[in-house]
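So that you can tell them apart, the chains are marked A, B, C and D in the order they are listed, and the count of residues begins at 1 in each.
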Amino acid sequence: MVNTKVTLSGITLDNPVIPASGTFGYGYEFAELYDINILGSFSFKGTTKEPRFGNPTPRIAECPNGMINSVGLQNPGVEKVISEELPKLAKCFHKPVIANVSGFSIEEYAYTCALLDKEPQVGILEVNVSCPNVHHGGMSFGTDPAAAAAVTKAVKAVTTKPVYIKLTPNVTDIVSIAKACEEAGADGIALINTMMGMRIDLKTKKPVIANKMGGFSGSAIFPVAVRMVYQVAEAVNIPVIGMGGVSSAEDVIEMMLAGATAVEIGAANLVNPFICKEIIEDLPRVMEKYNIKDLNDIIGGARK
Amino acid sequence: MVNTKVTLSGITLDNPVIPASGTFGYGYEFAELYDINILGSFSFKGTTKEPRFGNPTPRIAECPNGMINSVGLQNPGVEKVISEELPKLAKCFHKPVIANVSGFSIEEYAYTCALLDKEPQVGILEVNVSCPNVHHGGMSFGTDPAAAAAVTKAVKAVTTKPVYIKLTPNVTDIVSIAKACEEAGADGIALINTMMGMRIDLKTKKPVIANKMGGFSGSAIFPVAVRMVYQVAEAVNIPVIGMGGVSSAEDVIEMMLAGATAVEIGAANLVNPFICKEIIEDLPRVMEKYNIKDLNDIIGGARK
Amino acid sequence: MKQSIFTIQSNEKLTESVCKMVLAGDTSAITAAGQFVNIQLKGFFLRRPISVCDYDENTLTILYKVVGKGTEAMSQMKAPHKLDILTGLGNGYDTSVSGGKPLLIGGGVGVPPMYRLAKNLIAEGKHPIVILGFNTKDEIFYAEEFEKLGAEVHIATADGSVGVKGFVTDVVKTIPDYTYFYTCGPEPMLKALSDVTTTSGQLSFEERMGCGFGACMGCSCQTKYGNKRICKDGPVLVKEEIIW
Amino acid sequence: MKQSIFTIQSNEKLTESVCKMVLAGDTSAITAAGQFVNIQLKGFFLRRPISVCDYDENTLTILYKVVGKGTEAMSQMKAPHKLDILTGLGNGYDTSVSGGKPLLIGGGVGVPPMYRLAKNLIAEGKHPIVILGFNTKDEIFYAEEFEKLGAEVHIATADGSVGVKGFVTDVVKTIPDYTYFYTCGPEPMLKALSDVTTTSGQLSFEERMGCGFGACMGCSCQTKYGNKRICKDGPVLVKEEIIW
């Protein structure tokens, strides 16, 4: 028997597999397909203070081994998330959930986190300082160490729950930003969010996405994600949640070897709704194949 | 009949297809396979002042739809390139060639470019301020607008040939760097170089690449390349050579719609040595399919 | 929704660019005409959404137009190739509100879902009038199949090579006493129909999709009844809720 | 070098993890034993380099071990599947310097190139002594094929289940009067052979490759005779030039 249990800031997960924010809604669509309580946890759709429709459509473009989205943080706003979505979510998922939060000012981040802090279902606050889709929003916080630290501090001040800062890969120096968040009190780092990308339609000769650019993710970005997880995990002393292109049990292990304590899975859910279940079921076999008895033994193993 | 001729700083190319530096050697291997004079031009292996063996092996790792290399600018040094490689190259390629130059100090860049400036075969100097493989090298010049501008100025001072600065995508703000190069006198911008990536071997539990990280390229990075070419072409008034993941005539057209005047092809040459020939032969068909009579009409077309 | 493996039974050209594929597999998740399936193709990241044209307990029929690399790849497939398909996606058409003489209007590759819909309405004892719009004679498909169902079929071609010269709206204007309308086709056609029709109706929309089953918010649209996901809350919307 | 399409004629297991594939196609670019081919596999970015085990005018034989996803995919392929292959890669072994009684030493998947080499040497009237190293009895392959060529064959197994217990070097030490040596196998074996052999010899190296034909500098190594690309200037290096 192998051990797949891992711990994030005192919260023990049955396994490190966590559907990533924005690709798993609030869980219901997937709960129709399988018992989502097998998941380590899941990160629900990015929540903002105000309700948002998001960006105009088309919001989706296909890429070799990946996709671009410019959903733009569509969500009903934190009040409705708490009053309508969380009670429904509670019916299908009984473990601590990860609340993904975005904002357009430090006050908004604090406001939204303060409200979510009171929700017993929420185990971890995952603060997205990285969404590349919002013109005057997340992007700027995540590309500057000082701004990322300021968000971290503001959020830490209003919650006792563990705060994980989710970083954008669209930066020159990911390590300096991660370290600034750690110094500002972050309990963990989650990375990577999507990379800024674009596709152009040869027929219309215009960008496929209405918003021109969007967030590129899927297995194509995996090598960049592994690299950044490795660099950040090497530089900080707080847990790292790794993501970006993960789509197999092997990928989960590779992310953990790079330094991730848990692993999120995004775009892969959209093309194979059973992917997280399949990975969880496959993990013990792959662990045995590579002589891994306990996943905790391999976290950051590639650095040794 | 369609027109595939494009012009880079006064040099007219029969077509926009250019094998990218480091993936075409000095052309001989390919000249054995087909007449490489059908190419628009080609960019030869990155040249430095001193001879370099480069990084330890393994230098290659595979990725979904791409690869990582950490060759580390292996080359015989500019003197031998001029005395040995260029005369051989002249026998198989009769058009102006692109000389790709790297350096570890501003003086080195200037030294190497001054020597290559005297070579009649060299049509364009492509100054790589971006190679991510050299620890104290290219990376730093390409991630800071002031440093990139300083290299540009130093090179412009020693040559009358067109100078194209080749940028790294591993930055927060590609536009500010491109603009700094333009202001410093660059005749064009080439982008993107490889993205920093990593793969870990599950068997050895160590990074596949001896140097741990390396440059990730191939079709996986195409959406990031299109995005950056679009952003840079919008911001500068000098020609842009687009590259990153191009592997079909359709991709060439997409890059040109994004704003590229010519297009380089890198990793794809390594897995299909005939790719550039195939693209050149396929280009008229694809142009007709999308109602393109003259490639010059579509440069930057996605912005209109 | 169900994920299952289907086996191609046949795959043939109906016109120069439109193909008909019949697949064997588990169709139990399909509950209404106007629903769609989402097809995984090797070498492509996203699935391809295609309307259900017809189905029975163990076969599914789809009609698709070759417009890009994915549909091109589909057109090359032969029996007994296997495909991973998500079935039972979308709301589909509600036939309970049709009245006795509904109009069914399909334009181009909006024609396929009208076939099963016509079948269902006829089975319910109603008298659908089918209007099919194409550019030209050579692009017409499935007109005879609708006739075989016993439906009244009108054809409009942009160049007048068959039937009424013009658009489906030109035909709609000539039919005085329909009770409701159902349509699927290019968005300008849907808009024109919304303007020209005198009854309520249901319109099926297309949008680029991430998941096709409601998880990603990739396909959202704003309606008078709130935000909707084309893939889950649609693709069929009622005339009254649409914000043009 | 040539790029061409080969058709699988047969593909069978020799041991639990080693397979033999025979392919039909244009072998005209292959000029020496010890060369390799580079095989494109659908769904994988890089080609897979595999040594030529044997060839004639229109067939190519390769032996490969399943070690990862690419070779796993190869092991599933059946005739008449087609593969895009670059042939005639690498320098190969030079038989002109062998003398009358050369040693041929293959370890694990270093065995395949020794087969064609033995064949060539025998055709040249020489008397090769073949030493094959494996971990254990169940992993042995191709020993009989070498015997059928008329070569003297010695086997070493790490566990002693067949032949000499120990390594190929243990066998080499028992052979007094060889004229030269040729080898292919894991690098520690090559190093040990370089130390233990009393003659000059040629050793074939492996390296992770980008192109396999000399364009990318992905596979470089430093030798006493200068920088070399394993794929183009190798994979065979002479004992004297190697820097360990």
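Just so we're on the same page, a residue touches a chain if its C-beta (ideal position, glycine included) is under 8 Å from a C-beta of that chain, and two chains touch if they have at least 3 such contacts.
Everything numeric in this text was worked out from a predicted model, so none of it was measured.
K.L.:
State the smallest step count from chain A to chain D, taking one step as a move to a touching chain.
P.N.:
Each step joins two touching chains, and the minimum needed here is 2.
K.L.:
From the centre of chain B, which chain's CA centre is farthest?
P.N.:
C
K.L.:
Roughly how far is chain B from chain C, centre to centre by C-alpha average, rounded to an integer in Å?
P.N.:
Once rounded, the distance between the two centres reads 46 Å.
K.L.:
Go ahead and note the Å separation of the Cα centroids belonging to chain A and chain C.
P.N.:
Using C-alpha averages as centres, the distance is 36 Å.
K.L.:
Give, as an integer number of Å, the spacing between the C-alpha centres of chain B and chain A.
P.N.:
34
K.L.:
Going by the touch rule set out above, which residues of chain D reach two or more other chains?
P.N.:
none
K.L.:
Can you pull out the residues of chain B that are in contact with at least two other chains?
P.N.:
61, 63-66
K.L.:
Which of the residues in chain B come into contact with chain A in the complex?
P.N.:
Residue list for chain B touching chain A: 61, 63-66, 68, 143, 170-173, 195-200, 202-203, 205-207, 212-213, 216, 219-224, 226-227, 230, 245, 250, 253-254, 257-258, 290, 298, 301-302, 304.
K.L.:
Using the touch definition from the top, list the residues of chain B that touch chain D in their complex.
P.N.:
22-25, 29-30, 32-33, 45, 53-54, 57-67, 69, 71, 74, 208, 218, 267, 269-274
K.L.:
Which chain C residues qualify as touching chain A in the complex?
P.N.:
It is residues 1, 3, 40, 44-47, 86, 207-211, 213-222, 227, 232 of chain C that touch chain A.
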